[in-house]
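Look for chain A in each of the two complexes below; its partner is chain B in the first and chain C in the second.
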Partner chain A sequence: MLFAVVANRIAMALLTLAGVAVVVFVLLRVVPGDPVAMMISPGAGPADIAALKAHYGLDAPLLTQFWIWIKGAVTGDFGTSITLHVYVTEVLASRLPATLELAIAALVVAVILGGGVAIAGTLMRGTIGETIIDGLNSILLAVPDFIWALALVLLFAVAIPVLPLTGRIDPELAEGFATKFYLTESILTGRFAVAGDIASHMIMPTLALALPLAAVIVRLLKQSLKEAMLQDYVLLARIKGFGELRLVLQEALRNAIGPTLALTGVQFTFLVGGTVIVERIFAYPGIGNLAIDAVINRDFPLIQGLVLLFGLIFILINIGVDLTVASLNPRLRHG
Partner chain B sequence: MFNISRRQALAASGGFLGSLLVPQRFASAAVGSTLNIAYNVNLPSFDPNIGPSSVNPTIQAIYRSVFDQYIGQKPNLSFEPGLITGWGWNDDKSKVWLDVREGVVWHDGTPLTPEDVIWTIQREGKPDGGNPVSFIWAGLGNFKVDGKRITADVLNYDPVIFKWMAFLTGYVLPKAYYEKVGPQGFEKAPIGTGPYMVDAYEGNAYLRLKANPKYWGGKPAFETVVFKFVPDATSRVAEIESGSSDITLEVPYEEFDRLKSKAGLKGVSTPISDIGMIFITNGGIMDDKNVRLAMCHAVDKEAIVKRLLRGYGVPIATLEAPEYAAFDPSIKVPYDPALATKLLAASGYSKEKPVSFTIQTTRGFKPKDYEMIQAVVGMWRNVGIDANIEIYEIAKHFELRMSHKLAPAAFYNWGNAIGDPTCSTGFAMFSKSPHCAFHSPELDARIGPLWGEKDEKKRIQGWKDVDRFIADNGFVLPLIQYVQPILYKSGLKVTPNETGALQPATLVSKA
Partner chain C sequence: MPTDTAPGPPSVVVRLARDPKVIVAGGFILVLIVIAIAAPLVAPQDPLEQNLLNATLPPVGFADAQPGFYFGTDGLGRDVLSRVIFGTRISLTVAFVAAGLACLIGSLLGLVAGFFGRLADAMISWLVSVWMAFPPVLLSILLVAVLGAGLHSVIAAIVIIDWTRFCRVVRTETRAQAQMDYVVAARTIGFSRTAILFREILPNVLPVLIALLTLEMGIAVVVEAILSFVGLSVSSDTPTWGGMIAEGRQIVHEAWWVLAVPLAALFATVVAFNQLGDGLARSLDPVLRR
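Coming up: the complex of A and B.
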């Protein structure tokens, strides 16, 4: 049963990706902005412009261009970046790990922070503590990630300069890595001082991304927990003499977590989207930062590769969330 | 099996936590052997002669750190020997000669040869090679080498060819190495003859350079230079204010004023070879000379500089900034709202019955760009011009400009680091240029002969005459020359560069 669901989702994912490929290709050609126009010299004549278009393969009819691109894309060849002069696949492979490490760190922080505060709020329900938590959470919900980023910059890089502001690692330490998963690799190889430096570079961007998501988790999970705490099975457990914390963690949380998990999955895709601005502010070398330059320069092959990659990430996240929710909910698992 | 003792675990945890919250370097005047630059753009590619980054003026400081140009340029825009120590024409200007500097080695230790120079010029001259200004380099051919001297035939006479050798895509590349590693290999491990060697690079994050001990111009002041790519202006301000970087540039003028007097920091601001201008596109309402001249006379550029740019700008009347070769201070387009009103009245327009059109502008691309256009539109409204502001992206601007489809008025900037009139007035106003917005046969007739003028004095005077003709007809509305703000630790000595390229090897040293 699960296999059929997964196969169905993968087939749908492939169809979606094909649709995304067509849309992004057409959209880029329709939206104003010609990469060749941005680099031609003032003295260039029509022949020079034609030569540059030919050099970048932009002189062929649109259908031919699409066919060449999609044929390559199927085999993993997304062409060569106009601005970077290297293969798009190579660029994406080198930048994706930075964004993945950042996004996963932000997700972990958001879940721990949001989950912890939601549980605390449930334990303090009906008290002034709950009111304070709700008030603070409303602020967190109202402030977008890039405002958090700027606020964190002012706080931890200027007022109390304890955290590095830009980049992913101190340039003097960025040596000896076999992969681009710097944080993971440095932890696994026991280079803890290096791992600490990487983590310190990640604190501000991680918080900027995590705080809005944590607020969403707090609101939803706390509401679900409060509703669960009124159910008969919780009452029964209470009669059995369970303490309040045990009631929340052992009885209410298991039933309240489903909707939160599903929403967190959806919100995680927004978090990945949020890396674009946050990576820019912190000069963090991930695919979000790369995407801004690609769009500014109308680097068609790179934008196409990036959009497909973002699409793939979103699809994988959604499949992952669906499967996790199904595995946690017996009704969905066997339904 | 990976074993770790309790003691090791504790030590590792301590190291991890310690490095996590180590206080960053507070703003202090002290500068070590490493110079950290919070730079305003990313470096997309290491090939200085091909692709969009090769014609991006902002990146040139990085290229000049790793590579050398045929001819060098001083901070005041004048020229000096580079890898070419002497150059010139023959009597009838049908040939050029270039003397290649001796004793220069590439970063891999191999010597620079005249063949490297010839190969680079030939590579850049190929029309399908990806060099955006290939037509410049294609003007030379039939190269011959005699010792250190190269001679070449002039296939297309261009009086500015030697100035281009100090300008965009004028970098000498290593023939043997490039042919060995190929374009992709060169991107991964570039070498030049410049003062710094590429040590480590992470796109969108940083470029780490090490001093070239064998540099022909002497070893640079700093052993290591790190360009941090920080495109966000707020983050650059935070970088210099927190002391994480030693120097930064292109910060908001308000922040520049605030920080330049802060303890441990200094600031310098210099007019650079970049201007803000309003393109006027011929056709429709812009064919009315009265309207064009009224647009020009209605703008109080002094007020814009003083009130909006906090004094950081130079009002200009032509496309030639004061440092350029064809600058003529006698050409003036005074702020005269009464004259503007009179001109409009002659064409039947007034405040009650204004002339209407659209003006396009970027927002946030250059300092106060949108605000400047808002001010201009306000000044126009006072004389009877009702302009509607439309914001556009850089990419859209270039596409519209190339296809001659800009709005009647369009704000953008124009750089000219070699200060030659061909690269400012010439390419902006000659209708054969893809970047010209106002197509005028009368103007073309005046500009045309100047492209091939062999008498330098006559050539420059010719361009001055063209600038006067443009001003008299209001074919374009030059606004201001930009001023570049640089903030740095007081332990440094910084020489501002009028091209705007902040190259660390020659312009930054310890105080």
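Coming up: the complex of A and C.
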């Protein structure tokens, strides 16, 4: 039953999140740097430090601190950011849309690019074209987003300086938005000049995140497509006189897509994880960039909130993938 | 391949020696190792020597280039090529030590989870799923922040993060092997469980493990570069590719080569480890061999 699968996955997800919460909490409590000592002015005495610690609840016993934090986290209260002096939940809510837009754009680009090349490669199977695609792809498979991002900097910011190097939007245009989903909102409200500016900021980080995933899709989808093209139903359709492109798109693709879909889902979590460093390189104001700042500044409440948020996103993606795969596979659906 | 006819399949060594991926990529990594060991002899300049009069000299072949500084100089006038050459030392140290330790710990846990099953399996699998819920880059930055910047912390962070890769693969492989006839036979003869695990199963998991280890070395090199880039790896006096990349990123409009040269080195190294891993997997894996 699908319901049992869902219930089981949610139970597992909660157990995993609890593990994540414990790990990050314990990790932060063994940090040698004292966040309060870092933020207080040099002239402050021990009494001031104690008062500030009490203010952030850092003077309570560890178990009490953990209990308070977990109790808050369950109700969506992650405390106040030590460096930004704003509720963690507010900071996360204002930064998350930028990362979501970036990650989803990268996913779409990766699927289109990877799918397109896989289909082209299938059509060219057995020719020199396929050999070239395979050879290039085996190299691209090795290249992580970090290297892509910097290579794109060299290409589009230095060699052919056509794209903005940092940020998400020209600051002069970043006004009059009702939400933080700048790209989606500007498209929906018909402000295409603004949307174009946002898109030009997003091209490099999007490509850096998309290209490694596209390479993975090319390899697996092309292999599945080639196997499907040898099946009887494709032969039958071929006898009926279907063209090669139609055979691939209509007959083979439908049967070959399953494994690629499952793998793409898993790889999407890596893509989201990759936003941390890619956002850093392009000074893109999402949660990934924020996370590095939070760690460097020892902003405990913010780090804890961010890590749990990432964990939650990863788990939601995994559940989504499992459900999609289960609903596509009739054997699992009734299993 | 007609492996069932007369002279029999070629030995592993012969297969490895015939694989162009193994030859080229393995050769490249061997050269890197030699360069790392012989860095003071190979490097044309002192990698730490600053000379502000020589700052941001372009590579040889461009206007204003100076002989002896083949790939130009950085913002402090240090020779880029020499710094990249010395940077191989950190990159390769991290590649071998961190990937090796992650392999050791992950494989042991994977063997235990896959072979003993039940409670051990449930606990280790839960631990893996918790680990997988962390973005790896964020976890590594967090760990190094906790442990304090430096080479040891970087290695520890990579081991703590990447043992799960080995654990998952070895667990799956061990479970598959544990079902096979030879394991059942060994058990019937009266071999102890530990003996079966290390003398029967481990050798059969080894090919997959070696290929994975090679891939992991490439990943470790990138993670070290990322941590250097964020400023959390070794002190800025020691040349590292990531540190150079970070500096190059800052002055990319004035001196693109400070970014391009270490990035090219990183790219080539990662691709080489990856291709070598691919080649090894193909030559060593009994399933793919057929």
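One rule holds for everything that comes next: the second predicted complex is superposed on the first by the 315 of 335 C-alpha atoms of A that agree within 3 Å, B and C clash if a C-alpha of one lies under 4 Å from a C-alpha of the other, contacts with A are read in each partner's own complex, and residues count from 1 in each chain.
As a working rule, a residue touches a chain if its C-beta (ideal position, glycine included) is under 8 Å from a C-beta of that chain, and two chains touch if they have at least 3 such contacts.
This structure is a prediction, so every number in the text was calculated from the model and none was measured.
Once the two complexes are laid over each other on the shared chain, residue contacts for A:R298 go to chain B and to chain C alike.
In the superposition on chain A, contact of A:L154 is made with both chain B and chain C. With both structures placed on the common chain, the touch criterion links A:F192 to chain B but leaves chain C unconnected.
Looking at the shared chain after the overlay, A:L290 reaches chain B, while chain C stays out of its contact range. In the superposition on chain A, contact is made by A:R280 with both chain B and chain C. Residue contacts after overlaying the shared chain place A:L123 against neither chain B nor chain C. In the superposed pair of complexes, A:A326 makes contact with neither chain B nor chain C. Between chain B and chain C, B contacts the larger number of chain A residues. When the two structures are aligned on the shared chain, A:E175 is found in touch with chain B, with no touch to chain C. Shared-chain residue A:L263: touches no atom of chain B or chain C. Within chain A, the residues touching chain B in one complex and chain C in the other are 32-33, 150, 153-154, 157-158, 165, 280-281, 292, 296, 298.
Residues 12, 15-17, 19-20, 23-24, 27-28, 30-33, 138-139, 141-144, 146-147, 150-151, 153-154, 157-159, 165, 269-270, 272-277, 280-281, 288, 291-292, 295-296, 298, 303, 306-307, 310-311, 314-315 of chain A are the ones that touch chain C when the two sit in their complex. Chain C makes touch with chain A in their complex at residues 126-127, 129-130, 132-138, 141-143, 145-146, 148, 218-219, 222, 225-226, 229-231, 245, 249, 252-253, 256, 259-260, 263, 266-267, 270-271, 273-275, 278. The residues of chain A lying in touch with chain B in their complex are 32-35, 37-45, 47-49, 51-52, 54-56, 81-87, 91, 94-95, 150, 153-154, 157-158, 161-168, 171-172, 174-175, 190, 192-197, 199-200, 203, 279-286, 289-290, 292-293, 296-298. Residue ranges of chain B in contact with chain A, taken from their complex: 4, 12-13, 15-26, 34, 38, 42, 44-45, 47, 50-55, 127-130, 132-136, 168, 183-184, 187-188, 200, 202-206, 208, 226, 228-232, 234-235, 238-239, 241-244, 392-396, 398-403, 422-423, 426-428, 432-435.
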